[in-house]
Amino acid sequence: SAAAAAPAKVHYGIGREAKPEEIAGWDIDVRPDGQGLPPGKGTARKGEELFVAQCAACHGEFGESTGRWPVLAGGAGTLASHDPVKTIGSYWPYASTVIDYVRRAMPFGNAQSLEGDDLYSIVAYLLYLNDVITDQDQEISDKNFPTVKLANEANFFDDDREVSEKAFWKKEPCMTNCAAGAPRILGRARAIDVTPEDGKGPRVE
Amino acid sequence: AGAAGKAAATEPGNPANLPPNVPEWSKTLGDGVAVRAYGKPSKHEANVIRRDVEWLTASRESSVSFTPLHELDGIITPNGLCFERHHSGIAELDPNDYRLMIHGLVDKPLMFTLQDLERFPRTNRIYFAECAANSGMEWRGAQMNACQFTHGMIHNVMYTGVPLRVLLEEAGLKTNAKWLLLEGADSAAMTRSLPLQKALDDCLIAFRMNGERLRPENGYPVRICVPGWEANMWVKWLRRIEVGDQPWHHREETSKYTDLLENGKARRFTYVMDAKSVITNPSPQAPLKHRQGFTVISGIAWSGRGKIARVDVSLDGGRNWRTAQLDGPVLDKSMARFYAEFDWNGQELFLQSRAIDETGYVQPTKDELRKVRGVNSVYHNNGIQTWRVSPEGEVENVEIA
Amino acid sequence: AGAAGKAAATEPGNPANLPPNVPEWSKTLGDGVAVRAYGKPSKHEANVIRRDVEWLTASRESSVSFTPLHELDGIITPNGLCFERHHSGIAELDPNDYRLMIHGLVDKPLMFTLQDLERFPRTNRIYFAECAANSGMEWRGAQMNACQFTHGMIHNVMYTGVPLRVLLEEAGLKTNAKWLLLEGADSAAMTRSLPLQKALDDCLIAFRMNGERLRPENGYPVRICVPGWEANMWVKWLRRIEVGDQPWHHREETSKYTDLLENGKARRFTYVMDAKSVITNPSPQAPLKHRQGFTVISGIAWSGRGKIARVDVSLDGGRNWRTAQLDGPVLDKSMARFYAEFDWNGQELFLQSRAIDETGYVQPTKDELRKVRGVNSVYHNNGIQTWRVSPEGEVENVEIA
Amino acid sequence: SAAAAAPAKVHYGIGREAKPEEIAGWDIDVRPDGQGLPPGKGTARKGEELFVAQCAACHGEFGESTGRWPVLAGGAGTLASHDPVKTIGSYWPYASTVIDYVRRAMPFGNAQSLEGDDLYSIVAYLLYLNDVITDQDQEISDKNFPTVKLANEANFFDDDREVSEKAFWKKEPCMTNCAAGAPRILGRARAIDVTPEDGKGPRVE
């Protein structure tokens, strides 16, 4: 579009140059091609202990979750079912996302505390729990990480709604007698009864 | 006289304060000016609040609260009632410690203070921000019996901000620049990949909402507005923008915010919020209290693809439709308010609304949507909502055939 | 390197929270959702408040507080910061006890509850409300050294309300109906006479501001909007409308809100607010902190006669003018936001803005105004404001020749 | 204008008829022609005592005011001066406004408490202080009130700005070299120094 054309060069001279060391401190993202991987290495065997200590309280010892915290492993073969379980192993397309996310956001409430070998070890354990690696002693590191592939990668495709849902651009939506008979109630939220009510504590069922 | 007597008997109020009597507040002095230096709503409006659904999530720090749409009118969401979605609670930044860093495929990496950002040319625009998971609990059928919970993950605010384009021009883009990474300063360090084309089009680096500074829960002191696109991309407490040549495929665009179809495949980068509408009044939390007579149906409509062109309303569950009236400013990628009037005969109603945007997109029924998406998508549920109104005026969330 | 080092040294902030360091809020959890069920501004914005001038009046119950215009941008005034003018403090009505009575020269006198009013067809409009006494302290020369106090008796809000015309039609007007009396439920029982023609044109019986219910200090639960006309007529806590055939000449339209000219004669029924503008940034409370370079001047303009057509800005005390850019929606009888950009060479400036409305009215200089009105008017001072900016960036309210 | 044309007759049937006794309780306004005058009578002599008890704390025994409360009497001949004093006697056009206002709004903080003979007596005292009536024993009442005239009535005229200030509708306002020389500062708010300062208590001078 015209709006995305090459921008005119106007310089306001506001702000200052960011220093390399400043950028280094905040530039924590990791990409599937390995860009941004922090230095380090680890094994699932080493990671298990760390995971049990720092993660299992919420996610369960095997990533199965406790209570309503996120499930991190399992769910293979469920995506096309009535009850899909989306985990690193069953759903995520890229392993780099695990290292990126754990580094930036976990453990919940103590973010950006993991680095180096500990980080790689915990991620190795998560990959092991998800059958992505099968050898507890296999070393993963910033060198070999980009070679780790997840099973579901090929099942993602870019937004195509304007093609696949073209039928929703209707010329003349029906205005009268659009369906036969009186409306028939198929379901009511009241019957499910999980709505918090005003002035009451929430109802957990 | 009997009927009039009955009507009077059901009127609310304390006779001591009603005519011919003169209430206390017409005799004595109230609080003076500036006693409430920053004002708040009347104590009688204590029920007009954001609410959450505790069973939805394990903790409130990673959860959502919903805007009470049934308690609002017009198109401006007051700042105190804007829905919240946090991944690690409200980051409470000191504005003096705020920095925005722009780096990566740029000629010169830049660092801005808040004062710096406020020196750039800025603009004011009203945009809706809707969480892609809004109505996500309704894929398998009517579940939440409240407009606040079925549709309350949306707000509509006038932002003041610097066009992101201006900041990128200031840094200078390398020719291979294609994507941006947006990153928040909260302890989820929220990230999303943003296509450069959108960044150069209409994104704003915003520091004000409805005139005043952003609220802490909405990203104080700086968030990004990505007009028409899912609110998850509107990164709050924005600390860093990295320019790159490919998307990052981070957790919020892989594990989350991808739309699982029936065949197990998943659509990704589904940014645009499809046209959608909902009747806010009446709705389960806002019943029709008069038993019959002149009635105004009110609701909101919006589209991530541009302006709302038209809204239709049905009283009989989609058998017949009438075109509603759009009121107030109808703006690009903003909520629009609609009204439809009718004379209620006191019989059961099945209310629906259907938005049409300027691209000709027509809001689908839930069944039409399920036919192409299945029920596992979680996100982007913009199907037509049905409210059943009983002869008593009670309203409930139903699915109908 | 020396200059860069100096610039960095003056940057605000605690190094522990600045890159490369990771601040606390990027590590630990903040408040969860709905913990702040009705949100409020950051604790770091505690200075963004309404303020009053205690020496102006004998008591805060009959006084005014001013909107901090220099702390806002865009055109929406957040509800918590809308200026207040009370004559007997904030009337705190129970909404169940609210009644609006319409009587006098009507076919059928009517009584409405709040619920009744909300059943009528309603509309949403953004209007400014300016007290006729805004800038009233400046008639004899520069007095208040703050934009908040020179111009802060104005707010701009999206109202939801029933056209007054609809209610009058419901009651049925007698053929000799010509004037209305508007009366508040506060203990000043505020009254003003309103010409019927205006009542039938664009007045709203409003119950919402910026989406939510009116705030107590702005008339909860019901006030009248009289678009473009002095805010004294926008009776708050509206309890009664009497239809008559002549004006009432009550205290607020005789003793007050009449404009005394130099010859001792006084103009009355001066309803319309003339076109006016003011630069909000920079202004005395919002100095220019950068010593030179790219600078955006920002301000607001409005007219009681319609839309703002144009705003001009001068840097040299009115010797030369450039046309500013109007940003965001430019609406009938609403504030408009303007910006003007320039490269500040660090020298003294005399900033002025001049509004022109769609009727062709040009905001006059203070001298032009004094020539026709003298200095005893109190009300309707819409003269051009001058801010002197020193080379240090300090801003002060001055009068110049 | 078209907008002010006779309205279409649409009836929504919302609300109910206001009862005469309800209207009577709230209909407290008084007009110059006497419409709305409540029943009662009084003299300045009787009013003085009431005024001293209920009003003088703020307005002074003779309406001269205490502190910054409103002045209610005096100011004759000041309207065209540099320091106009606008009171009932010097400025107000209609005596009915006194009775209306005192009835609806005074005493400040105890509004709508005065009626009947007390109301007329206090108003008579105010008229006496303002030399509108000169005999302390002259009785004013709902019968003779419309005959009370104030001196300044003729000096009010309706808004004529669109005529008298027609010059403000300028075709082409000056854009360049609109005044000679550099701006000269005539006055500065700082010198007056009455602006409340942020974070400090207000400064009263």
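When the chains are written out, they are named A, B, C and D in that same order, and each has its own residue count from 1.
Note that in this section contacts are C-beta pairs under 8 Å (C-beta built on N, C-alpha and C of every residue); 3 or more make two chains touch, one makes a residue touch a chain.
Since we're looking at a predicted model, the values are computed, not measured.
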**Message:** Using the stated contact rule, I'd like to know whether C-D or B-D comes out ahead in C-beta pair count.
**Reply:** C-D
**Fill in**
Averaging C-alpha coordinates per chain, one finds the centres of chain A and chain B separated by a number of Å equal to 23
**Prompt:** How big is the gap, in whole Å, between where the Cα atoms of chain B centre and where those of chain C centre?
**Reply:** 27
**Message:** Distance between chain B and chain D based on Cα centroids, please, to the nearest Å.
**Reply:** 47
**Request:** Name the residues of chain B that each touch 2 or more other chains.
**Result:** 18-19, 26-29, 51-52, 59, 61, 88, 101, 111, 113, 119-120, 187, 189, 239, 294
**Where chain D touches two or more other chains, by residue** = 12, 14, 16-18, 22-23, 26, 108-109, 111-112
**Complete:** Chain-chain contacts, ordered by label, are A-B, A-C, B-C, B-D, C-D
**Request:** Provide the residue numbers of chain C that touch chain B in the complex, in ascending order.
**Result:** 11-14, 17-19, 23, 25-45, 48-52, 59-61, 63-65, 71-82, 84-86, 88-99, 101, 111, 113, 115, 119-126, 158-160, 185-187, 189, 208, 210-213, 215-217, 220-221, 237, 239, 289-290, 294-296, 327-329, 331, 337, 339, 341
**Prompt:** Given the complex with chain D, which residues does chain B contribute to the contact?
**Reply:** 4, 7-8, 18-22, 26-29, 293-294
**Prompt:** For the complex, which residues does chain B have touching chain A?
**Reply:** 47, 51-55, 57-59, 61-62, 87-88, 101-103, 108-113, 116, 119-120, 141-146, 149, 165-166, 168-170, 172-173, 181, 183, 187-189, 191, 196-197, 200-202, 239-240, 242, 244, 246, 248-251, 254-255, 258, 260, 262-272, 274, 284-285, 312, 316-321, 350, 354, 356, 359-364, 368, 372, 376, 386, 388, 396-401
**Request:** Note which residues of chain D are touching chain B in the complex, please.
**Result:** 12-14, 16-18, 21-26, 108-113
**Complete:** So, in the complex, the side of chain A touching chain B is made of residues 1, 3-4, 7-12, 14-19, 22-23, 26-33, 35, 58, 67-69, 79-80, 84, 86, 88, 91-94, 96-97, 100-101, 104-105, 108-109, 111-112, 155-161, 164-165, 167-171, 173-179, 182-190, 192-196, 198-199, 201-205
